[in-house]
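Two complexes, one shared chain (subunit A), two partners (subunit B, subunit C).
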Partner chain A sequence: MSRKPYVREVPKTTWFLKQSRYQHYMLHEISSIFVAIYTGILIVGLFRLAQGPEAWNGWLAAVTSPIGIVFHVLAFVFALLHTTSWFKAVPQAMRIQRGESFVPGNLIVGVHYGVWAAVSVVVLLLAGVA
Partner chain B sequence: MARSAKAVPWFLFAAGGTVIAFILPVMIFVTGLAPAVGLFGDALSYETMQAFVGNWLIKLILLGVIVLAAWHAAHRLRVCAHDFGIRADHTVAIVVYSVAAIATAATIIALLMI
Partner chain C sequence: MSQRQIELEVLRYRPEMDDKPFFQTYQVPCEEEWVVLDALNYVKDEMDRTLSYRWSCHMFVCGSCGMVINGEPKLSCKAFLRDYKGKIRVEPLANFPIERDLVIVQDDFIEKLESVKPYIVAKQEKRVEDGEYLQTPAQLKAYKQYSMCINCLLCYSACPQYGLDEKFVGPAALALAHRYNMDSRDVGRSAREHVVASHDGIWACSFVGACSVVCPKDVDPAGAIQQTKFTSAVDYVTSFLPGGKR
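Showing the complex of A and B:
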């Protein structure tokens, strides 16, 4: 009963580079790094806001520095990637039954995009009007 | 059936993913991109922001968004570490969830200071 099962060697750190599906998955994974850093920037911003005008202006200067701009552009792109791939997965995660049948996935996704647009407009109005 | 503590991080992960999907792009635009190009004038000036964040409703919303984003990112970074070949899940989990806990406490403290 000696069996030697075949174990396919998979490189631990570069396994995703060979297939475009895996590359896309990893791209989505990497978006979490940007979410984490941006969250940190926001928390620091709140502390700076509490510390007074000078501290707050220092934070603003950092955000609008070249490195700050590059980071925020990347973070924005990755945030969009997160939103679109999260919405794409919604029909799998959220099954809504109406009577005998399920609400079609396209409708659920569509509603999500609608709410997304509404939330974005509200935040923009708050920022523009404030 | 054995009870599992997985429900807690899973809920925070799912709720966080949903909340940031809706709000993060526009938030990054307003706090990160708009000031760089001078959009919205002095919307991010100290006085405006003090008044804006001073509102308890805004504080509650910011707390919800930041805390959920932190826990969502922590859970995803844990998976990310595994995908990049780091096979020390227990240690990674302790690190990322600790950072998320610290971020939660820091957010509460900062909001109380404003």
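Showing the complex of A and C:
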């Protein structure tokens, strides 16, 4: 008897709507766009600073405008999502064997959060906020 | 033992008479401690002999009875009816062609599995009388988790990357390549590299991580792939150093 396997096509653009697991993944991926734009804005800020007080003040005015603030709040939320979702995945990529056992995943994630907090405090101190 | 009437909605596809699959509903009198596979066996034995599906051990060891149950890839022998409320929908594993009813075509996976040389490539083959290849408990521990794979293909069903691009070598085959690469008795990493460290190998994985969530044996194929990416990236960088391959 001849075979007639049936192939089910996966929708190329809407596949991630099928499951909340895939939607979380997409959200995590989209968060990188906000992180990238924010990084771009910071780099532009550095160039403006190098160009003199007028250029710098113009950049400051732009980032503190209502649209600038809304973007920064959004970028902050996405940056948090980006960071926490990657930190959660670290133990899968980083497997540290000590003899016959492995360093617990929670410890690896915890160290990441600790370093994140320490770096944040240093940055805030340098910025004169804390 | 209490009985419960279950509405079992099964995707049917009979290639000799159907152009496309359709759902068929069975009302199955089930015992409370049954798993979905028991309900299917009841249908096959008592209601409809034409229903086709794969199964063997009924104890999460053989990896034959993978199906999509209420949208989630599961071993049907591990899917307890008591964990489901209302109608239970059973479909063949996603991302594979349907051969018949709940039976999928596995050829693509088998070819990919073979391509990663899922066996020990020894530095020097020993004769049986020369004894075992010795290994310490710590060396065993390094790969043991990845050796638990039972080729049930739930990970391929969960992987959107494999669904979108069938050239992707996929979670289980890459996890098994990692299993042998991590084995102290094996020297086959470079022989597997052209498949594993290729565009269609580890680098096609975008780390959705669904494979590891659905794996019934906690193999964590996504972790294996990310670890291989790290090793492969180090290989690439060191290849530029003096004495490197480039």
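Just so we're on the same page, the second predicted complex is superposed on the first by the 123 of 130 C-alpha atoms of A that agree within 3 Å, B and C clash if a C-alpha of one lies under 4 Å from a C-alpha of the other, contacts with A are read in each partner's own complex, and residues count from 1 in each chain.
Everything below uses one rule, namely that contacts are C-beta pairs under 8 Å (C-beta built on N, C-alpha and C of every residue); 3 or more make two chains touch, one makes a residue touch a chain.
Fair warning: this is a prediction, and the values are worked out from it, not measured in the lab.
More residues of subunit A lie in contact with B than with the other chain of the pair subunit B and subunit C. Of the two partner chains placed by the overlay, only subunit B lies in contact with A:39; subunit C stays clear of it. With both structures placed on the common chain, the touch criterion links A:75 to subunit B but leaves subunit C unconnected.
When the shared chain is aligned, subunit C comes close enough to touch A:92, but subunit B does not. After overlaying the two complexes on the shared chain, residue contacts for A:3 are found with subunit C alone; subunit B is out of touch.
Contact with neither subunit B nor subunit C is seen for A:67 once the two complexes are overlaid on the shared chain. Touch criterion met: A:12 reaches subunit B and subunit C at once. Common to the subunit B-facing and subunit C-facing surfaces of subunit A are residues 12, 16, 29, 93. Those residues of subunit A lying in contact with subunit B across their complex are 12-13, 16, 26, 29-30, 32-33, 35-36, 38-43, 45-47, 49-50, 52-53, 56-57, 60, 63-64, 68-69, 71-73, 75-76, 79-80, 82-83, 86-87, 93, 112, 115-116, 119-120, 123-124, 126-128, 130.
Within the complex formed with subunit A, the residues of subunit B that make contact are 14, 17-18, 20-36, 40, 43-44, 46, 48-53, 62, 66, 69-70, 72-74, 76-77, 79-80, 83-85, 87, 103, 106-107, 110-111, 113-114. Of all residues in subunit A, only 1, 3-8, 10, 12, 15-16, 18-19, 21-22, 25, 29, 89, 91-93, 95, 97, 99-102 touch subunit C in the complex they form. Taken in their complex, subunit C has these residues touching subunit A: 13, 15-16, 20-21, 71, 94-95, 97-99, 105, 137-138, 141-142, 160, 163-164, 206-210, 212-213, 220, 222-223, 226-227, 229-230.
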